[in-house]
Amino acid sequence: MGLQIDQRNMIARRAAREILPGMTVNLGIGIPELVADFLPSEWNVMFHSVNGILGVGPFPVQGEENAHLSNAGGTPVTLHSGASFFDSSIAYGMVRSGRVDVAFLGALQVSQRGDLANWIVPGKRVYGIGGGPELARYAKKVIVLMSHLNERNEPKILRECELPLSAKSCVDMIITERAVMKVTKQGLCLTEVMYPYSLEEVVTKTGAPLMISEYLQMVD
Amino acid sequence: MVSKLISIEEAVDQIRDGIRLMVGGFGGIGTPVSLIDRILQKGMQDLTLIGNDAGFADQGVGRLISHERVKRLLTTHIGSNPDAGRQMMEGKLEVLFYPQGILAEKIRAGGVGLPAILVEPDVGIGPSQQEQLVRYAGKNYVIEPALTADVGIVYAKQADTYGNLIYEKAARNINPLVAMAGKITIAEVEEILPAGELNPEHIVTPGIFVNYIVRTSGGMGEWGFRSISET
Amino acid sequence: MGLQIDQRNMIARRAAREILPGMTVNLGIGIPELVADFLPSEWNVMFHSVNGILGVGPFPVQGEENAHLSNAGGTPVTLHSGASFFDSSIAYGMVRSGRVDVAFLGALQVSQRGDLANWIVPGKRVYGIGGGPELARYAKKVIVLMSHLNERNEPKILRECELPLSAKSCVDMIITERAVMKVTKQGLCLTEVMYPYSLEEVVTKTGAPLMISEYLQMVD
Amino acid sequence: MVSKLISIEEAVDQIRDGIRLMVGGFGGIGTPVSLIDRILQKGMQDLTLIGNDAGFADQGVGRLISHERVKRLLTTHIGSNPDAGRQMMEGKLEVLFYPQGILAEKIRAGGVGLPAILVEPDVGIGPSQQEQLVRYAGKNYVIEPALTADVGIVYAKQADTYGNLIYEKAARNINPLVAMAGKITIAEVEEILPAGELNPEHIVTPGIFVNYIVRTSGGMGEWGFRSISET
C-alpha cells in the first residue's frame, strides 16, 4: 500500500532472484505481476496464471493488448513460446498436484510462522479468498511480496495475524521494500536489509521478533 | 440438423426470477455480456449467482450485483466490485466464498454428474462452511457438493449450429466448466458456423452440453482492462 | 451368440426404430454397432462412443479406415458433421449427467426385472465390467440387443440372472432375433414376435414369465 | 528451452521392476507401442499396470500381460485378451475391475491432486472392492481413491519440445488423463516441433505434465482393427 513504483519494482527485481531457469512460477495480483520483467526470456521460466494460461509472456506495448488475453489480475499480457490455454480446473490441477515451483503472493499480513492473511479486512473491505489458499498450500515455495507497512504505517509482519487467515504456516519467504526474511521453524530470520533503510528501522517496523542471519546483507 | 441458434430474447426467456444462474468469465474476460445486459433489461431478480468473481460494478457480471438482482453469490473473489462487499456487510447479499480451484472442481463435478468432491480442510473453506467432514485414509476431508445451475451462460469465440464451442485465449477460464453444469446452457458466441465446419479436434465444449446459441452483440471493445486489486 | 449376420441386422433394424431424430445414442459392442446403418443420415442422430467421440458416422469403405478412428469396440468408423473428440472422462460425464437418450447394450443374460449380466462367465470367460454399468444406470433408456438363446440353446432371458450382475433393474427393453419385450414393473411384456418364430416358440424359449401385450404384433 | 526429447532407451530407464505403470490407449488405439516394446525387451516385471483394458495378447499393452510381466492389473475390460482372463483364473494375475467412467475419473483425480472421488454404489464396483462408504445428503457413496502412477506412458500425434501434446481422433481417449497422473510422464509422439509451433488453443495436454518425449518407432500400421468382443 502506498509504495512508489520504483519500490514495487525493487521488490519484484529481488523476487526474480529466487527463480531458476525452466521453473514454473505463479505470479499473484499486485507487485508479483511485475516479477516477470526482471527475468531474461531465454531462461524460459513458464509463468502460470490461474485463469488458464501456462507460459505468460511480457506485458504488451500499449495499443497491442488483446481483449481476451490477460493474467488472473486482469492485466493484459502476451505469450511465451510453448504457452497453452486450458480451463481453470486444469490450472488448479497443476497447482494441487505440486507442479508449481514458486508462487509469489501479495498479503495484508504475515505472521512469524508464515500464516497468510489476504482476503478480508472485517468491517472495511472484503477481497475474497481467491486462489491464494491453494497456491499457498500446494506450491513448492511460497514468497510474499508486499509493503512492509500498511496505510497507517503499522507493521504487516506480526507475531500473530490480526486479520482472518487465508492459509496457515505456508509462507517460506517475505520480500518488502525494507527487507528480506525467511520463515524458519524458529521464527523469522532477517537476511537482507534494503537501502536506504537501517537494520534498526527494519527491526522497529516489524511486529515480530527477527533473528538476524549471520550472513545478513545490507543491499544497496 | 436443427440449429440451436435463437434470438437473445428467446434465450433470456429461459431465465426467471429466483433461479440459480451460473456465469462464465474471470475478472471480466470471457463473460457473456450481451446475455447479462438483456437479463438486466428484463428486470430479473432474486438470482442465486455462481461465478468466479463479482466482476466490476459497471461491467459484466458485476452489474447484476450492483443493480441488486442477486440475493446469493457463490464465488471466490469480490475485491474488484466494492458494491458486492458493501451489500454483503449490509446483509443484503449472502456471499459464500470458495477457493478458486475448488469452485472450478465443484462446477466440473456438477457438469459430469459426480455428487461431490473431497477437499483438504486447510485450503480456504471456512469452518462454518464445512458442511460434512469425512475421515479417509488417515486424514480429514471436507465433502464439497457438486454445483449445478438452472441456467448456465457462457461466452465463446466460435460455435457451430450443433452447439460445439471453441473459446479464445484467456476467455476460456471457467466457461467450459459452466457449459457442462447447467440444466440449460446458453452460449453467447461471436462467430456461428454450420455444423461440420469446426475441426473436431479443436472443439473444447461438445455441443451435447449446449442447448442454445445466441449471437453476441459485443461489448468487449468498450471495456479495456482493469487490474482486479493492488495489494 | 451364433446368430447369422442377417439375424443380427434384423435386430439392429428393429432397434433403430426406437430412435428419434436428433437423439444422442450410445451403441455398445456387438450387435448394437450395426444400428447406425439403419438410420437416415439426415436424422442427425448423434452417436456417442465412450472412447471419446460424439458424432460417430457410418463404417468406412474398405481401404479407407483411419488407424486412429474407431468406436469403443475397435471397429473403424467415420464422423458425422458436428462431431467432436474428447477424453473418456468427458465421454462418461455426458453419460453420468443424463445426456445420453438411449443406450443399446449386448448382454449375456437379462432378468425379468431388467437386471443385466454381461461381464463374466465364472470359471470360463471374463470380459470385464467395461462401461456397461454406467450406461445402464444413467442413460435415459436402456435397450438390450442380443441373441434369444446362448450357445447351448438355453434362454438368456430369465427370472433371475445366474451370472454375476453388471447392473440391477436397468433394462427398459429387450430385442432379440425372436421377439421384442418391454420390462415393466409387473414383469416382461411381449410386444412383438419375429418371423419365422411362433408365439409358442418365443414363450418356450424364454426363461421368465411373459405377459402378452394386447397389441402383440407378429412381424414379417 | 531445454528439450524434453530423449531416446527411447533413456526413457525406459525410468521404468523399473515392480513400479505402478499407467498406460494410455483404448482397445489398442492410442497405445504407446514403442515404449511397451522396449519395456518388454528390457525384461521389466512385477508391474502394477493401470489402463483402460487388457488390449490384445499380441498387440499393445496386452503383450505385457501375455508375457507375464504384470502381477496386478487395474482396468475395466479384458475380454479382448484371453491370456488376462486365464492368468486371472489361475491366480497369477490379480485383476481389479472398475467401471470405465469411474476409472477415468480416478485417474483424472490423481492428475489434478484430488484425494478421491465419490461414486454411487450401484455402477459396477463390486461390494468387495468398496473400501469405504460414506453417507452424504441422504445417500450412500463409495469413496474411490484417486489413482497415480510412478510412470505414466501416453501416445500423442504431436508434441513440442516443452512437452505440449496434441492427440489424434479416438487415440485421445484416456491419454490426456494418464498424462497428468504420473509422477513421471513419458509421451511417445509421431511429430515433434520446436516450442511455440503448436497453436496454444489446440494443445490438449500442457507440457508441465510431461517430463519426457520420445519419438515413436510406429507400429500402428501393422495392427489393423479388431473388434473387442462379440456378444
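List of remarks:
The letters A, B, C and D name the chains in turn, as written, and every chain counts its residues from 1.
We adopt the following convention: contacts are C-beta pairs under 8 Å (C-beta built on N, C-alpha and C of every residue); 3 or more make two chains touch, one makes a residue touch a chain.
Labels paired with UniProt names: A, C = CoA transferase subunit beta; B, D = CoA transferase subunit alpha.
These figures come from a predicted structure and were not determined experimentally.
Common partners of subunit C (CoA transferase subunit beta) and subunit D (CoA transferase subunit alpha), by the touch rule above, are B. Should one ask which of A-B and A-D has more C-beta pairs in contact, the pair is A-B. With respect to subunit A (CoA transferase subunit beta), maximal separation of chain centres occurs for C (centres as means of Cα atoms). For the pair subunit A (CoA transferase subunit beta) and subunit B (CoA transferase subunit alpha), the distance between mean C-alpha positions equals 28 Å.
Averaged C-alpha coordinates give centres for subunit B (CoA transferase subunit alpha) and subunit D (CoA transferase subunit alpha) that are 33 Å from one another. Once the centre of each chain is set as its mean CA position, subunit A (CoA transferase subunit beta) and subunit D (CoA transferase subunit alpha) turn out to be 37 Å apart.
Put simply, the C-alpha centre of subunit A (CoA transferase subunit beta) and that of subunit C (CoA transferase subunit beta) have 57 angstrom between them. Shared interface positions of subunit C (CoA transferase subunit beta), i.e. residues touching 2 or more other chains, are given as 85-86, 89, 92-93, 95-96, 138. For subunit B (CoA transferase subunit alpha), the set of residues that touch two or more other chains comprises 105, 112, 114, 120, 167-169, 200-201. In this structure, the chains touch in the following pairs: A-B, A-D, B-C, B-D, C-D. Chain contact summary for the complex, subunit B (CoA transferase subunit alpha) toward subunit A (CoA transferase subunit beta): residues 26-30, 52-54, 75-80, 82, 84-85, 88-89, 95, 97-102, 104-105, 107-108, 120, 122-124, 157, 167-177, 204, 220-221, 223, 225-231.
Of all residues in subunit D (CoA transferase subunit alpha), those touching subunit B (CoA transferase subunit alpha) in their complex are 105, 112, 114-120, 132, 134, 136-137, 139, 141, 143, 145, 166-169, 200-202. The part of subunit B (CoA transferase subunit alpha) that touches subunit C (CoA transferase subunit beta) in the complex is made up of residues 1-2, 111-114, 160-162, 164, 180, 194-196, 198, 200-201, 203, 206-209.
Against subunit D (CoA transferase subunit alpha), in their complex, subunit A (CoA transferase subunit beta) makes its touches with residues 21-22, 24, 44, 46, 48, 54-55, 79, 81-86, 89-90, 92-99, 138.
The residues of subunit A (CoA transferase subunit beta) lying in touch with subunit B (CoA transferase subunit alpha) in their complex are 1, 29-31, 33, 49-53, 65-76, 85-89, 91-93, 95-96, 106-108, 118-119, 123, 125-134, 137-138, 146, 166-168.
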